[in-house]
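Starting off with a structure, shown below.
Per-chain numbering from 1; labels A, B, C and D assigned in written order.
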Amino acid sequence: MATESVHDVALTLHDQLPILQLVVPFLAAPLVMVVGAGRGVAWLIAFLASLAAFAISALLLAQVIDGGFLSYQIGGWAPPLGIEYRIDAVNAFLLFLISGVSTLVLPFAYESVKAEIAERNQALFYTCYLLCFAGLLGVTITGDAFNVFVFLEISSLSTYAIIAAGADRDRRALTAAYDYLVMGTIGATFFVIGLGLLYMMTGTLNMGDLADRIAPQTDNRTIQAAFAFIVVGMGLKIAIYPLHLWLPNAYTYAPSAVTAFLAATATKVAVYVLLRFSFSVFSPGFAFENYTYELIILPFAILAMFAASFIAIFQTDLKRMLAYSSIAQIGYMLLGLSLMNASGLAATMVHLFNHGITKAVLFMGVGALTLRAGSSFYASIRGMGRAMPLTAAAMVVGGLSLIGVPGTAGFISKWVLVQAAFEKGWWPVAFLIVLSSLLAVVYVWRFVETLYLHEPARDAAEAPLTMVVPIWITALACVWFGINTDITMTAANTAAETLLSGSTGLAEPSPWTSALPAGEASH
Amino acid sequence: MSDHRPATDDDLPALGRLLTWVDRPGSGTKLFRALGGFCAALLVIDLLISKHGHFHIEDVWAFYGVYGFLSFVCVIYGAKTLRFFAKRNEDYYGAQAIDREDYPLDQTGVTKEADDA
Amino acid sequence: MLESIPTAFLFFAMGLLAMAVPKGAARSALLVVIPLIAAWQVWTLPEGNLAPVTFFGLDLELMRVDRLSRVFGLIFCLIAALGNLYAWHLKDTVQQVAAPLYAGSAIGAVFAGDLVTLFFYWEGTAIASVFLIWARRTLGAYNTGLRYLIIQVGSGVILMAGIALLYAETGSIAFDRMTLGSLGTWCIFFAFGIKCAFPLLHNWLQDAYPAATITGTVVLSAFTTKLAVYALARGFAGTEILIYIGAIMTLFPIFFAEIENDMRRVLSYSLNNQLGFMVVGIGVGSEMALNGTAAHAFVHILYKALLFMSVGAVLYRTGKVKASELGGLYRTMPLTATFCLVGAASISAFPLFSGFIAKALILDQAAAHHHAIVWGALVFASAGVLSHSGIKIPFFTFFAHDSGMRPKEAPTHMLIAMGITAFLCIFIGVFPGTLYAILPYEVDYHPYTAAHVVGQLLLLCFALLAFGVLYRTGRHPAEIRCINVDSDVIYRKAAPSVVHIAARAISAIWQAHAGFWMRKTDLVLRGLYASHGPEGRMARVWPTGAMVLWIAILLGVTLAVIFVT
Amino acid sequence: MQHHIVLRVVTKLLCGLIVLFAFYVQFHGDYSPGGGFQAGVIMAVAFIAYAVVFNLEMAQKVMPARVAHKLAALGVLIYGGTGVVSMLFGYTFLDYGAFQPGHPSHGQHWGILAVELGVGVTVTGVMLTIFYAFTSRVPSISDEEW
């Protein structure tokens, strides 16, 4: 057993990075509860934790961006018995996105939370925020299937709480959170049922080990059913059309900072889990998996691209419009996924990232507008482009990126996606991608027109600096990643290759014999 | 059109005044004759120098002169023929076309009095 | 430090700065100084691939410096400085930003080591330059600019298509010598040809340049076509068809120039004719011929700019540019007239002027490679050049019959710009070695042999004599108010009438069906709003149960798909 | 419940015993049935029983809601802190070998004790928080109006 070994190699801080990625925000959460009497302190702890996590994620990404992986064994228990954190290009990229967005959203949140959430609840809010943040990181970083579920629940439960925190502004946040709770729980249950079925057939929960044990029994009905449960369960978290019904309300009524954070990260993490299970645990060669993607996910992805875009066009509330646009954009990610080839996966990965920062800009912009205009209805933000030139200009940049105008991040992902569709020979799909981008032009134009081409509805000052600066940093990131694709495309391509290489490199060579840790046995 | 029309030739710049010689009666003829003389001199020189052109015809005496003269005549008559076919009124492409319009005066120095450096 | 910045970026920065600096002397000075710095940078840059960038897995070379690109880059920087000096008086932000962007794009394209970079800058020149036309701010200029833009962007699109085809075929985007054969190379060739104003693809040039602003035309005349010449020299040197294309290019514009009334259009035709010489040089493709092309491009940029400057100065002072309205201006604009004469002598290739030492290289090579007919055409064209650029421009502008106008001499900054340019024209003509030293290949050629000088003088003087005879006998075509149709009649007159007829037919049919389709469209929009609008079924807040039902359905369907297949 | 004197006296007596039992369960958890979770629940029950029999205000005097909140967080910190301490010794997160380097199985005992303590504290805090959250909610319609 692990504990019977004498530990002879002291781990350095560098070796501990994978766990620190999670532990820092995770322990910051209770710390906020214990010491965080004042809002300033709570915010500061949250921000510092997030900043540290961001730095760590950057270090991790740098280590794995060229391929390869890091493995960390919790408590010294070797996989597959123990829980293993495994970092490769796929999740390092996502960790980078999550912690980056969080680090940008938190400065924005300072003023936004002050305005939207009652003073006495703010420390609790930051605690839940950190838990959600840590949960998302945990889902991403772990190499243990059940651990995914645990962290998923941690992030989901805290998400319900921080969405409900919007109730101080609009009571409908409560029902939105409650609906999400019911649906999210069903989704998580499906997921855990899937895991249960897998465990039943394989007796293991380590992802690499699972992959090895599933491979010889693909005809097994139980395993196939497990796949269906996992896809549908995660599909709900992703908000695959038509399982998106929780999303518009949750995003609309949540506090602005929460929406900005969740829109940029939560669904992305769910997509990641789906990717991980579809490619690492199950392998893309399985016939049933291909059929599922081609016959179910692909049509729904295309449906999402159009139906959600149409709904977005007709919305009267900017925040809600963006929520529907998110559903449409998720369609693109699933589309890339269902192409089941390397460039499609790279498109999904890069769109995860690019759409994340794009939506972060837009939702933060909406938050700033809401702060000054009172609400995000088109009627009340009319003409605010003149009163709040900086915020509005950043939102235009975000809007352009949402459409996919060359020179913005959005263009890169759509470009790669269209290329991938061509590569697969699916011309009509490529055409549909371009066509649906036109719908994005319409709804983006609607808010640009509202912001600029109307007489201002009210006098308002520019948003405070703590908001404008993060908004603009993110907006510039949209442009930067639209021009310099070094980081994003390299990471996405490596990630796609990693995923497509299936379980190789994931599994321990001989699971049971290597249960002992690397150290020598003492008795 | 400029309002600063110098009243007499004396108001002209020095170089301009010098050049008015060409407009004096007979000057044109003098120039033409000078040119003829120069051409004749060239023909003489052409006889004296040794030539090693790429083509034999280049070495023929007065080849370039004849070729130049004929070419020019060809160009003029060719152009006249072309004008017969290609000439159109200035509003051929419509009254708003670029060919029809004058250069906007407000972008020139004509209407501005004192923008001279 | 300067080495690490691609030269094009210096110009782009200049464009941005020009927006920030207030109008006036500071901005004008900025626009003159930075191109000079850029010229110095180009002069001192080491050869090699200085700014490699990876984009989408493509290896781009933003700065490929070798002797061919350096000579073009150098003259582009120089003429940008001179053009901006000429435009010192401008207080027009549009032009002052567009000009650096345009020049920067052209220079970027020259230093582009791969086709993708070339494409971006190629389109950059198209888009930036059209503002120099639109800056005239008249309806005619707007329409002309639009035609120009369509053709130029079209050239870029064809180039892109060619690059894509070539890439698919060879897997390389390197911008090196190509051989015509595949569709891809033909597309690229065609794209270059449009910008280089090949016969029948030429008309945008004569259409657009006279329509630009006074200072805009000077800048325009330098870059676009010479960029195309550079691209051809880089990509298609030694392609035989170019010899014949070039020969035709030298010929047909002569006749049009002779009867054209608008002086700037005369110069545009003359530009087209001069391009022909360069294209022939490229077609011949020997090292010396390419030297000739580069040298000719170099000097041509200078003297053509000088001619456009002098005509522009007249236009600036009188508001007129048509031969039928001009004449006798030497009295009050003697310096401008002198500079114009220097330009005219240069373009006509009089000995001791720059045209002489450059054109000779090309003629010599055409002859050396036994292209007798082409050689004959080029010599013919040399005499033709004299007729319109050498005689017509200075004679009918500054001499001939007195128009009665007594405008002031050109502004000082214009005179300085013209003076420097004229000086360069003569300097290069007198000391050809200075130019020969920077040409792409070693030069072993002496223009000032007795036979060559005498031959050239004979050619020109007898042509002058012919002019004298014809003019004095009244046989020289008169300058009259008219325009001449060229190939542009196809898209400016014929195509519109066809479209017009078609439009009428279609509109008749449309009228009949409009009501029907209007109702249909309206119905579709209403339907969409009813289903997707805020209160629509698709966007409504659904009960949680409905969602759970969906989960069940989706799970059922997924299971069915998995089990059945 | 002011008149249920027996109940009140017995509760007062039992509360101490319940707490004691909670500690027993807490510290024997690693050998016998039980552990941090059970101990935490039992501990909370002591306060809940007190609140039920006396009243909420009395209970909150002993254990204010604020403290319960902090306890919940504190337990997590103890749990996580254990892992951090093992990291400080150069071991992986939560590798209890760190607590007695020469003798890993002894280290294991120490580690589990610390972790279970964290669990116990958190469960106590959370149970009480939930209880307070429900009981301190003022009904929109008071009992008398039914």
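The rule is simple: contacts are C-beta pairs under 8 Å (C-beta built on N, C-alpha and C of every residue); 3 or more make two chains touch, one makes a residue touch a chain.
None of the values given here were measured: they were computed from a predicted structure.
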Contact counts by the stated rule: is the higher one at B-C or A-D?
B-C
Between subunit B and subunit D, what distance separates the C-alpha centroids? Give it in angstrom.
107
Distance between chain centroids, defined by C-alpha means - subunit B, subunit C (Å):
25
Can you give the whole-Å distance between the Cα centres of subunit A and subunit D?
35
Centroid of subunit C to centroid of subunit D, CA atoms only: how many Å?
83
By the document's touch definition, which label belongs to this structure's chain graph: line, ring, star, complete, or other?
line
Where do chains touch, given as pairs?
A-C, A-D, B-C
In their shared complex, at which residues does subunit A touch subunit C?
179, 182-183, 186-187, 190, 221, 224-225, 227-229, 231-232, 235-236, 242-243, 245-246, 248-249, 287-288, 291-292, 295-296, 307, 310-311, 313-316, 324, 485-486, 489
Quick check on the complex: what are the subunit C residues that touch subunit B?
88-89, 136-141, 143-144, 207, 210-211, 213-214, 254-256, 258-259, 262, 315-321, 328, 330-335, 337-338, 364, 367-368, 370, 372, 375, 379-380, 383-384, 386-387, 399, 402, 405-409, 411-413, 450-451, 454-468, 470, 472, 475-477, 481-486, 492-493
Going by the contact rule at the top, pick out the subunit B residues touching subunit C in the complex.
1-2, 4-6, 9, 12-13, 15-20, 22-23, 28, 32, 35-36, 38-39, 42-43, 45-46, 49-55, 58, 62-69, 71-76, 78-80, 82-83, 86-90, 92-93, 96-105, 107-110, 115-117
Mind pulling up the subunit A residues that touch subunit D in the complex?
2-7, 9-12, 16, 19, 23, 26-27, 29-34, 72-76, 127, 522
For subunit D, which residues are in contact with subunit A within the complex?
69-70, 72-77, 80-81, 83-84, 87, 89-98, 101-102, 104-105, 107-108
